[in-house]
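You will see subunit A twice below: alongside subunit B first, and alongside subunit C after that.
After this line comes the complex of A and B, so read on.
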């Protein structure tokens, strides 16, 4: 399937709001854990809430954690980011350790990155350090004062020597060697 | 019927040119009319309703304000922070409500804090830029400052700090003006609750860092760079001489000239252009960048200066480009 068939928005690897140049700001702003208190599908999420949630909240005071018990519905985690993205993730039948890992993913990513197609794996503000090529780059300064047409600058020295030329030079050499013997 | 027969060869040709292998996604005939009908019913009920985040069941303003401070690693006074998030429109709306039920609780809006914050932001950015760009003239610095403190930039910063949902306003989504004003008020609140230095570092980390990866020369439009360059150099008694040092494609659409500026027979700067005069102008701009220390190869701006710098305006050149 080609890119035109994927309804993914495209983007580059960028940090939001120059994050990290000044200070680092965790981009996850709030997380809502929706679960059922009795249903088996929510077992993993309930375990997570019982064992890890207090630690998670105290380690990340910048993330607002909401719990939303709902009767007989699948467990869901909704993460909201500072750039306005909202990631909805179904946690039905996921185990405690899987949920711990997914929540770590949600905490450390900077937005809904799963729904963007990266155009490139790198990004730079300065594609070239030395500047773009111009007709004057690498030009011999001698040319400025030369009077054109000039044999030195007009010579075509870009092509390799042809076979005919090589033969001609060999022949000339031979004649030079032969001549002194005759005299 | 006869028309159909007449057009039969044309239809045959058409069939020939349709490539058989193209796969066209099948969209059922009922989809478009159904969507249109749904849209019509939605419009009839008064358009699409988007509920602001703070009307959700899972919303706790106190927790949000606490997390806001912690996220930015700052200690805010909670009352001041709440005041910073209260817009004038919200206060008016609340007062109207209270009048109806004959109840009276005084509320403060963020106008005062925003004014305080704005003043501080302007002052600090001015001083910081003067320290970081010691050779850059004051006009240029005020150009950069105007860019950093414009509504658009501040609203963008405010949005990415997560104020959008917390702001107390009468209407949602909030507009850029309220976002920018809230950001200024937050700086004002920080100024009151944690002191000048913390507030200064806050402005440095979130506002001034927006210059990262940007060309600062873009924020200052120099009307006539050649005249400005000659004026500056004349004060030091230096004469500058422009020379045509290269031309390519003369009398064509793609003509390119290169002009070099020489001081004491040494190349100072060079520039390209489609005509000789525009090339000279570009060369003058390059020379000015060299003089101001803002050439393309300049070292990145230092975003780590600690504390509040002292004003150094007197050392700076005031240049009027006439």
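After this line comes the complex of A and C, so read on.
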């Protein structure tokens, strides 16, 4: 996370599975199209209003559509959602087909998804089946009763055997083998 | 949050106190090990933004072993800020003045220099000898394994064992040991 993301709303990845299992509730509540009647920057939005807006409104009776003409200002779409999110999107110089696609995005998304910082790229309701880790998992139970510091737990136990030690063990083995023959 | 979950959370994020015996250890090698425990890098829950570092207690820092002739060669630089205020202290001089300083500086240098470093260093306790205050000792639940094997001196091994140790040959009677 960099400093520029400090004020970004943070959240987790989620699957919008609940919505649409029984019935679909459109999360988009209100959409305001702000545009200029004369400027070229609003051309695409004006085309959208002329050709597609009536169909859009009749297909989505749950969405309130406002039109706000304003002189010599760039076109903007503001969408408001059931969870209180408000998405502001600039439509300056966007073509008709681009705007159709962006408005489809605004209609189908659940709240302001694009401007959340994902804390993690994975999420689960059941983080662990075997129980979460604690400092005492995989620990030698002998440590519970040991008096620390202790040579047994402090010495390095991964070093290879030294040649001296190997010779000593060979010698001990030899003496063990020899002894029964003498008796 | 249920009582069980709260206890679970507490257990997962509890700080463990580790003890590390510096006897015969290279401070610069062992700093890399101590660093991992101080920052919590040894835990599967590690994340730079969660506070999961542990406490490390170092004992016997007086008995550290530097490589080669580093006691004479390594210099520690300090500048007071005034003109002519630069000093270079050799490792053996520094160790005579403060036997905890070399291991402390080694751990400090092993960590990346960020805002967290000084707070992480607060969790490192260093004692020159074997004596630890009781309130520190009662928290210790784990020991960090040393890197090097601590050699045993011949005159510290009991006489019986030395006699029993297998020999390839005996010196002749008239052999003169230097």
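The definition used in the following text is that the second predicted complex is superposed on the first by the 108 of 183 C-alpha atoms of A that agree within 3 Å, B and C clash if a C-alpha of one lies under 4 Å from a C-alpha of the other, contacts with A are read in each partner's own complex, and residues count from 1 in each chain.
Just so it is clear, contacts are C-beta pairs under 8 Å (C-beta built on N, C-alpha and C of every residue); 3 or more make two chains touch, one makes a residue touch a chain.
Owing to the predicted nature of the structure, the values given are computational and were not obtained by experimental measurement.
Visitor: Quick one: is A:32 in contact with subunit B, with subunit C, with both, or with neither? Answer first, second, both or neither.
Guide: first
Visitor: Is the number of subunit A residues in contact higher for subunit B or for subunit C?
Guide: Touching more of subunit A: B.
Visitor: Just checking: does A:23 make contact with subunit B only, subunit C only, both, or neither of them? Give me first, second, both or neither.
Guide: Only subunit B is touched by A:23; subunit C is not.
Visitor: Look at A:64 in the shared chain and tell me whether it touches subunit B only, subunit C only, both, or neither; answer first, second, both or neither.
Guide: First partner only.
Visitor: In the superposed arrangement, which partner chain does A:40 touch: subunit B (first), subunit C (second), both, or neither?
Guide: neither
Visitor: With the two complexes superposed on chain A, say which partner A:156 touches: subunit B (first), subunit C (second), both, or neither.
Guide: second
Visitor: State whether A:139 touches subunit B only (first), subunit C only (second), both chains, or neither.
Guide: both
Visitor: List the residues of subunit A that touch subunit B in one complex and subunit C in the other.
Guide: Residues common to the subunit A contacts of subunit C and of subunit B are 131, 134-136, 139, listed in rising order.
Visitor: Under the touch definition given earlier, write down the residues of subunit A that touch subunit C in their complex.
Guide: Touching subunit C: residues 1, 131-136, 139, 143, 148-150, 153-159, 167-168, 171 of subunit A.
Visitor: Note which residues of subunit B are touching subunit A in the complex, please.
Guide: 53, 57-60, 63-64, 66-68, 70-73, 156-157, 159-162, 164, 204-206, 208-210, 212-213, 245-246, 248, 256, 258, 272, 296-297, 303
Visitor: Please name which positions on subunit C make contact with subunit A in the complex.
Guide: 8, 11-12, 14, 16, 19-21, 43-45, 49, 59, 130, 140-150, 165-166
Visitor: Under the definition above, what is the set of subunit A residues touching subunit B in their complex?
Guide: 16-18, 21-23, 25-26, 29-30, 32, 61-64, 66, 68, 80, 82-84, 125, 129, 131, 134-136, 139, 144
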